[in-house]
Amino acid sequence: MITVGIIGAGRIGKVHATSITTGIPNARIKTIADPFMNPKTAAWAKSIGIKNVTKDYKDILKDKEIDAVLICSSTDTHSKISLEAIKAGKHIFCEKPIDHDVAKIKKVMEALKGSKIKYQVGFNRRFDHNFEAVANAVKEGKIGNPQIIKITSRDPEPPSPEYVKVSGGMFLDMTIHDFDMVRYLSGSEVTEVYVQAANLVDPAIGKAGDVDTAIITLKLKNGAIAVIDNCRKAVYGYDQRAEVFGSKGMIACSNDSQSNAKLSNENGVTGEKPLFFFLERYMAAYQKEVKCFIDAIVNKKATPLGVKDGLEPVLIGLAAKKSLKEHRPVKISEIKF
Amino acid sequence: MITVGIIGAGRIGKVHATSITTGIPNARIKTIADPFMNPKTAAWAKSIGIKNVTKDYKDILKDKEIDAVLICSSTDTHSKISLEAIKAGKHIFCEKPIDHDVAKIKKVMEALKGSKIKYQVGFNRRFDHNFEAVANAVKEGKIGNPQIIKITSRDPEPPSPEYVKVSGGMFLDMTIHDFDMVRYLSGSEVTEVYVQAANLVDPAIGKAGDVDTAIITLKLKNGAIAVIDNCRKAVYGYDQRAEVFGSKGMIACSNDSQSNAKLSNENGVTGEKPLFFFLERYMAAYQKEVKCFIDAIVNKKATPLGVKDGLEPVLIGLAAKKSLKEHRPVKISEIKF
Amino acid sequence: MITVGIIGAGRIGKVHATSITTGIPNARIKTIADPFMNPKTAAWAKSIGIKNVTKDYKDILKDKEIDAVLICSSTDTHSKISLEAIKAGKHIFCEKPIDHDVAKIKKVMEALKGSKIKYQVGFNRRFDHNFEAVANAVKEGKIGNPQIIKITSRDPEPPSPEYVKVSGGMFLDMTIHDFDMVRYLSGSEVTEVYVQAANLVDPAIGKAGDVDTAIITLKLKNGAIAVIDNCRKAVYGYDQRAEVFGSKGMIACSNDSQSNAKLSNENGVTGEKPLFFFLERYMAAYQKEVKCFIDAIVNKKATPLGVKDGLEPVLIGLAAKKSLKEHRPVKISEIKF
Amino acid sequence: MITVGIIGAGRIGKVHATSITTGIPNARIKTIADPFMNPKTAAWAKSIGIKNVTKDYKDILKDKEIDAVLICSSTDTHSKISLEAIKAGKHIFCEKPIDHDVAKIKKVMEALKGSKIKYQVGFNRRFDHNFEAVANAVKEGKIGNPQIIKITSRDPEPPSPEYVKVSGGMFLDMTIHDFDMVRYLSGSEVTEVYVQAANLVDPAIGKAGDVDTAIITLKLKNGAIAVIDNCRKAVYGYDQRAEVFGSKGMIACSNDSQSNAKLSNENGVTGEKPLFFFLERYMAAYQKEVKCFIDAIVNKKATPLGVKDGLEPVLIGLAAKKSLKEHRPVKISEIKF
């Protein structure tokens, strides 16, 4: 039985808390911390069996009984708390991204060197049943050598312009998941990126200095080419698809819906929209990633996504930003590390 | 080069005429006959290269140059003209059904005995690409021993009550195609039929003494069971599907649409309706069946659908009528032949 | 918070126990009873937080703290324990079927009369996301008046001949779910049934006095016709589909798979098989039905499936057996009640 | 009735000849010319009703009875024969591309200025039922403002290295169709192109100086972004898909197969591969484009694809070649015209 503390009781902290209490029998949450802890959140925590609540995450780090922490606080605190948790000897599950600043990720990497601490980054989509099936087909050689990887990733609704300003930009906030997906599905590393992007959804996003629609081309070490298409707003819902084409075939996955029922009438044959957004689509994936983390601790094996897996997508994201600014293909090696 | 005469210049006669002139290079139509032949039809015939038009089909039967006739006249004349054409030594393609009266079909069978005349019945659906793929999978053993055969056959629009009165009833008019399909897909013979039917679409059909909605269960010689569901009106268009389930798997086909384009928006993911009706869905099948008929003549081989194939669905249809009337399962052997 | 006792710790008892502990926050299981309770089961019970285990279900009935029982014991005990639980004043969730003997179901109905006890029968499929979507479309009038209801229900593997002998026959054991589904999707009652069945899967099933393949036609009070096709063995897995066709359109649902990934290669375009069997396909439905039961208790409202809903499918099943035996359509009213 | 001459009796010349004789009643082919005309081809021509065959296409240009010519000769002769045919006053259907040399296309444009000659370029895919449905949905505003256009275009088999050497390279030989498709589906013009390409299919193609796999990003005048993915070899057959995503939704089309039959067995649920190659997929489109050409002559209206539509994809193709060479985004305006 692994004793866990959760740092951050926002949306994603709550998702992980519920996942653990309902589906991970060999983990128990002892404490949840949030600087804005209030009676309502405290009552919720109690209702799902969490013993302690606190405003200070250090209470968790100091607690000898706690084996592992889930860092679900705001992005700017991820690397700092990671470093402190490493010092405190806790295993760490850290929400993506570790940081937007490569230097800070580097510090986490260095702090982990030689330690036995398990570190996992929260790229939840790797644990989605559809993407897993695609990745497994590639790994098993069913499509031969990968040649073209295609990711479609579109959100149902754009973030607020306020959020856009502090988000690090679409590539570090949204596309970062797709950069990880390219690495996951190809089993290779990105070496170069080219961005063609535009501000088509909401002029306020443009005023906030960001784009909302993009085609991103990536060159991979294994010779394959990848392309991501992003949009901050798809009126039909969360569009999350992937396709890997290779010398022996193609494996592709599409969206999930609430049901597969189809209505035939004078207007045609109509199926349901994709599941609305990430909480609907990836709920099982969120549970599975934490299960794997706990399993890595219990069985003393590597986590499925280490700190390097947290770093690479940030490097690609920074190269993508540079490509957009300089309107040219940018090598990942141009980004200082 | 086979020289052909077409008897009947109604809808289906025109379909065959166009099929031959545009897609069957080794057949030419010399004459087309219709009791209601008028200048407009004559002009149409000329425009597609048919030399002669006549009101009297006997002009065709007397013409020594003509090798084969297509009987596309009204149903009540099929067996009579068949007999005359046999006497005249013409190969015969006869639209379904040969007759509703089994005794008359019997006469055609007897007249054909010992002759070298090729006789083919117009069950066009056997030549549809989707049903052919299903039948081929069954023949090739891909689904093992057939156990359940399911046919869905629904029209987009009910016929007029006037037509219903002279149609011989839904089972002989519409379901007859599905009875043929059961034989085609199962490679076996029907031994018993049970009908559960209702008048749900249009009360006028009921007043005309017919049903418009039915579930028909069939027992087959090879041990399999089949079920047909019919309706005279499907608002979404012509619904023509089949499924054969067996010991090693299932093969199923669905409808065709004008395109496979799918629109995703706030209402869901919408594809097109099925092709509207039989002329849209089966145009290629109509051409293919006549190609096979001409091929049988040219290469002196059996036609794919002989007079027995014209008889069996009529027997099943008559048994279905009896089952509906007597509300019990009826053996095909109960129908006098 | 509702306190629950579970009677029966077999496969389905365990499913419900897990559902409650992981997903129903306002219910807690105090005791689980099983005549074959052993240390392994006891350990499992403890591991998911169940306080007490017992061999005697009467310990549960006697416990004043327990509000509700889930009867998951063998079929022959369902009605007896139901009666005892009613006497003890417990709310009851009873696995299907209540009994194969109509007289015994009648006794349960009578015992419930006038009481405030909530009684729910375990027809889990009504809580499946796909069937719910179909039923909702019908209820919302999207397909107009239902005219044809079609249910496909095929198991991946036949039961053992030993099980077949005590199962009550395919209609009461397997098709009973489909009889319920016809009632659920049509919103109407079955008035007549006709069975065409065969023994095609395994001769041992025939020797045990049962069939394994069937087409079952049903007449409904609202004028619609329904058809169920069953087979005890589909090599591609659990095949669970439904279609409702009506005056304004058709709503249909198909199977679920582990993922929607599709592999395109020289052999074609291949998607996954349906989920293997009922535990895979209906896990979420099992949880949802118990949630609804608890909700009915907490909010003092009717359960979604009362004792009448447990009775009707048994009546239809008995009529189906009679139809098979007498080879004729049988009215439900012929079955004594 | 339009009298037509066909210049070139290779594969595509034969396709057009058959299309006209079987499906375009208001056109007749008087003469077919080919420098390699032989008895076999002459016999074929006669069998489909073409009166004259010749080795010299000038016989066609000189023939006062001939209204229109179809230029189906080798690419390097397209612009030259176009100019001669303009001089001879013939309407012209010219296979794509008009030329790889922009200056030569310019000459054709100038020669056409002020004349009443109808000129159509053979971008057949615009007449495919699936792509038409996508384009129509866009034109009708069903997806709002286009934001992302995606084209997948993969051949089933790579060309021979010999062909590659004279083909003008993949972008002018294969992708040129996709450049046209982007213009067709977006209703806008391409302003910039970026290529990421590789030689992954066959090293011999690389030795011949070409690539075989590519992701091509395009910027459009209306603000949208487009992406094409190409491969010279897809083992599962000809992969031709398109997707247009916009502010109000998405419209997408997929491949066609010989039938829609699906086999379910222990390996999964398998549908057929896409139709093998362009002759199978686009046969109806080839006929429709010539119908439109004849219709434009008869009804004195514009052809659906003028000489400008022949020019633009060549400009984009040349820009793509430059982008590949210089590894940077290239503006179409950089290509001299």
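First chain written, first letter: the chains are A, B, C and D, and each begins at residue 1.
To be clear about the criterion, a contact is a pair of C-beta atoms (placed from the backbone, for glycine too) under 8 Å apart; a residue touches a chain by one contact, two chains touch by 3 or more.
None of these values were measured; they are calculated from a predicted model.
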Problem - Other chains in touch with both chain A and chain B - result: C, D
Completion exercise
In terms of CA centroids, furthest away from chain B sits chain A
Completion exercise
Taking each chain's mean CA coordinate, chain B and chain C are separated, in whole Å, by 42
Handout entry: Rounded Å distance, chain A centre to chain C centre (Cα mean)
Key = 39
Practice task
Give me the residues of chain C that touch two or more other chains.
Solution key: 234-236, 239, 248-250, 264-266, 272
Practice task
Mind listing the chain C positions that touch chain B in their complex?
Solution key: 145, 147-148, 150, 154, 194, 196-198, 200-201, 213-215, 217-219, 223-227, 229, 231, 233-236, 239, 245, 247-250, 327-329
Practice task
Under the touch definition given earlier, write down the residues of chain A that touch chain C in their complex.
Solution key: 22-23, 25, 47-48, 129-130, 132-134, 137, 142-143, 248-256, 258-266, 272
Practice task
Using the touch rule from the top, collect the residues of chain C that touch chain D in their complex.
Solution key: 234-236, 239, 264-273
